[in-house]
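After this come two complexes, each holding chain A, first together with chain B and then together with chain C.
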Partner chain A sequence: MNNMKINLFLLALALIAPTVLYPVFLAKVLCFALFACAFNLLLGFAGLLSFGHAAFLGTGGYVTGYLMVNSGLTPELAIIVGTLAGALLGAVFGKLAVKREGIYFAMVTLALAQLVFFFYLQAPFTNGEDGLQGVPRGALFGLIDLSDNLVMYYFVLTIFIAGYWLINRTVHSPFGQVLKAIRENEDRATSLGYDVNQYKWLAFVISAALAALAGSTKTLVFELASLTDVHWHMSGEVILMTLVGGVGTIFGPVLGAGFIVTMQNYLSGGELGNYIHIIMGAVFVVCVLSFRSGIVGQLMKFKRNNF
Partner chain B sequence: MKKTNKTVLSAVVSGVIAATMACGAQAATDGQVKLGVLADMGGTYADICGKGCVTATKMAIEDFGGNVLDKPIEIVSADSQLKPDIASAIARKWVEDQGVDAIGGLVSSAVSGAVSKVNADTKNITLISGSASNTFTTKTCNPYNVHWTYNVVALANGTVKPMVQAGKKKWFFITADYSFGHALEGMASKVINENGGEVLGHVRAPLGTTDFSSYILQAQASGADVVALANAGNDTVNALKAASEFGLTEQMDVAGLLVFTPNAQAMDPASAGGMRLTSGFYWDMDKETRDWSKRFEQRHGEIPSMIHAGVYSVTTHYLNAVKAAGTDESDVVMKKMKEMKPNDFFARNATLRPDGRMVHDMLYVEIKKQEERKDKNDIYKIIKVISGDEAYSPMQPQCNFS
Partner chain C sequence: MTQPAQDFILETQNLTKAFKGFTAVDDVNLKIQRGHIHALIGPNGAGKTTVFNLLTKFLQPTSGKILFNGDDITALEPAAIARKGVIRSFQISAVFPHLSVLENVRIALQRKEGNSFHFWRSEKILNRLNEQAVALLESVGLEGFANTTTVDLSYGRKRALEIATTLAVEPELMLLDEPTQGMGHEDVGLVSDLIKKVSKDRTILMVEHNLHVVSKLADQITVLQRGAILTEGDYATVSADPRVREAYMGTAADEVEQEKNEEVAS
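After this line comes the complex of A and B, so read on.
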């Protein structure tokens, strides 16, 4: 019940936030929060470190962007197709990657993501370095015009809540319990009769689909899909967001994404703009060295010890 | 417990009401002129439009008196990192959230394209000074684009035409792999074909390539008379360095299609000396350009590139138009900008056409050899002045926004 209250409070906060803050910025935070949550499903609950999640974010973005520009689909359909494209790519990558563990798993995902990056760099429809520019936001269900930033924000918020709920549901389902068992002791899970690779694969596909959903939404928010979203830097950034917020906590990645995006937002305009990567590196080092369980993990520990 | 939930719920509902009431973006036409400068602070193009572009804008504002419409002129700047997504996000934040009226600087055609799209939606003015692609006044033209300084058409007409006519018929391109490079290569190829030359091939290198050796080897094997570098900034410097290391500069002509003074300074005079190119501006042309350039050098530490001078010129013209129009409303200001003739040390015999293209005299210059140079800033000798009509292509009817 306590959790319920916290969730409702956060929802209220999210609903009134655009009165104070710039809605596009908030929408960006939500897109990255969803991306980080999707990544966390894999790292935090299945113990799989994917270093190629940018491929799914980018695929969702490009597919949705391409459809919005060329096909005249309504935004919700374009987003669904983008998400399915990400899920399909995830299914193929997952099949290959789950055969390996640990560092090899990370390297396989990285290598595959680089292939995807190169494809988008060369494919004519992405316009290379220029990116897919001028993607129209369209009208939701053909009725609600999304060109207003505030309307767009509430649309993104709805998508985020749906994605967040799905992850929450997955983690607390029997399926999620098995994932956690695999994370803790894979051999024991096998000996109990679970087909470990099948579970990992399914988690990979769900995670990829949600990452693509985040990418699709982000493309609509910014009316642009670009190579930045498929570059391996993005795969690194999502790891950073998840670690800062708290691996394996439900809300951690949201907080982490908020923290990193806010930091980038405020640093990029100021005199410190040139040092943004150095500052982010320092944050990463401090986080790994002194509070390994992230912001939310640390708060929960504090609560356990004092209340 | 149920009661608490109800309280929270009512808070949620009132939040939604408050949110919908606060709807409505901040208008840019508030009589407060605010300029945004988007530049490349630490990348491939930092020397030609980085901090220098911010400095040039500040100089223009100071020389204008610092005030317009009885309010101080404000300036914000940011690093585009040469990425269209970052540029688009910054531009959106500026115009929608911070009341920016016009965005200038804008190096890299990919970045300018993204910003121009945002500004066309929100009806804000895009003052493009640093980008080369001609798309802003042709394929993607819109009533709020102003393209200053130069473009690929002027470069191709200025640099390529005389070389083909002088008998250099076979060409090979090393091209920057994004809209600017593609546009420049396309335009140059057109000029080559029209003048009886032929293009043997091309190779595309990503923006920010440091090792050009494989591209140079392909160029060497092509058997061309001229290897054209359809890139800019540090890319040109690095390509030329590799070309001279592989002995390419001794076998064939290398034509830098877009060379800025800071890059020409960084090139080895032994390999770059004698190269001819087209520029929109040279600091040492006459007294007016020297006076301004000296002031710029004092503040920036380096002599200005044509983009720096262009940024100053377009900012001044914009501010003059705002003053004359008596408002910062974009449509009115654009109309005034196109009516008034730009005239300063940079813009000679200049007009701003209804399509947003600023047509002015261009310079055909040669990079001086080591023995010809008096000091490190003595880089070009001017061969001739190319008139604006000769350099730029005529306006396309669908882009006539008069």
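After this line comes the complex of A and C, so read on.
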């Protein structure tokens, strides 16, 4: 019940946030938060470190962007198709990757994501380095015009809540129980009759689909789909967000995403912009060395010790 | 008259495993009779765990066949073998450390529910398995620890939990790899009583170093040495074999004899 109260409080906060902060910035935070939560489903709850999640974010973005520019689809349908495209790509990548363990899993995902990157770099419909610009946001269900940033923000918030709910549910589902067992002791799960690779694969597909959902949404927010989203930097950034926020906690990646996006926004505007990668690297090192459990882990520890 | 083949729940034919030229399991023909507690003993490095890994397909045999209830299961995946009813434990404790004790057992019960891929449903539907899980915990004396996080259990209790978890999938054949290893005297007694109890309606193949436990539990013993079967038989036969005494048992067997004599004396 305590959790319920916290969630309601956060929801209230999210609803009134645009009165204080710029809606596009908030929408960006939510997109990355969803991306990080999707990534964390795999790392935190299945124990699989993917180094290629940018492929799914970018695929969602490009597919949705392409459809908004070239077809008459309404935004919610374009987002659904983008998400499905990510799920499909995840189904293929997952099949190839889940057989590998540990660092080899990470390497396979990285290699596949690089293939995807070069594909989008070369493919004619992505406009290469320039990206898909001027993607129209369209009208939701053909009725609600999304060009207003505030309306867009509430649309993104709705998507975020749906995605966040699904992740929460997945973690606390019969499937989630098996996933945790596999993370805890894979051989034992096998010896009880579970085909562990099938469970890992499904987790991979769900994670990829939600990452693509984040990418699709982000494309509408910025009216842009670009190579940045499929670059391996992006795969690294989502790891950073998750670790900073707290891996294996459901809310941690949201805080981590908020923190990193805020920092990037702040730094890229100022004179420190050239040092952004160095500063992020430093944050990463400090995090890994001094509070491994991330912001949320640290807060929970503080709460345990003081209340 | 020859025994019908079905009398043996598990049989291996010329089972062999070579690691880079080194033969860890060498042409082993094992026959496990249904309903027996069958002990696999032998010195360190004899290949006992490797045999378990082959039987459950955690390792791929170099050659040979594995028959379960007369069916050739040599080509099956580990999880498929488990679903046939051959469930193994591991030499190092095999629990899910950060799940609760109850959840450990429930995971095993859950598989047959057929909802293990349902990611859109609440885990609350698993609560209907709780009663059954608690009953299993009772059968191993862990009912008071249902909500304990498993890491916090003592070593002996973790092994008892493993047995409860294994029982939850109703195995026809249980493979136990050194269930009493690293335990104090009391825990050894508890666990061996437990094994005796659960052996009532199933077959057990166990690796065990503690000869006292073997002498008390085993109906049949296979002695493995450098990957090959040295001899087989009941405890009296095996322990009287001079090759076994020399290769393995030696003083250990004498100690058991002594202990037994003391028990009689007192």
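Following the convention adopted for this analysis, the second predicted complex is superposed on the first by the 307 of 307 C-alpha atoms of A that agree within 3 Å, B and C clash if a C-alpha of one lies under 4 Å from a C-alpha of the other, contacts with A are read in each partner's own complex, and residues count from 1 in each chain.
Note that in this section a residue touches a chain if its C-beta (ideal position, glycine included) is under 8 Å from a C-beta of that chain, and two chains touch if they have at least 3 such contacts.
In this text, all values refer to a predicted model and were calculated from it rather than measured experimentally.
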* Report clash or fit for the pair chain B and chain C bound to chain A in the combined superposed model. => fit
* Asked: If you stack the two complexes on chain A, which partner ends up touching A:P124: first (chain B), second (chain C), both, or neither?
  -> neither
* Residue contacts on chain A - larger count, chain B or chain C -> B
* Asked: Counting only touches as set out at the top, which of chain B and chain C does A:D148 meet: first, second, both, neither?
  -> first
* Asked: Does chain B (first) or chain C (second) touch A:E223, or do both, or does neither?
  -> first
* To do: Please provide the least distance in Å between a C-alpha atom of chain B and a C-alpha atom of chain C in the combined superposition.
  => 22
* **Footprint overlap on chain A, where chain B in one structure and chain C in the other make contact** => none
* To do: State the interface residues of chain C toward chain A in the complex, per the touch definition above.
  => 56, 58, 77-80, 82-83, 87-90, 94-99, 103, 106-108, 110-111, 113, 115-123, 125-126, 165, 169
* Provide the residue numbers of chain A that touch chain C in the complex, in ascending order. => 166, 169-170, 172-178, 180-181, 184-185, 187-196, 198-199, 202, 206
* Asked: Taking the complex as given, what residues does chain A use to touch chain B?
  -> 1, 4-5, 8-9, 11-12, 15-16, 18-19, 22, 24-25, 28, 121, 127-131, 133-134, 147-150, 222-224, 226, 228-229, 268-269, 273-274
* To do: Could you pull out which chain B residues touch chain A in their complex?
  => 1, 4-5, 8-9, 11-12, 15-16, 18-20, 22-23, 25, 41-42, 76-79, 83-86, 88-90, 92-93, 96-97, 109-110, 113-114, 117-118, 121, 177-179, 206-207
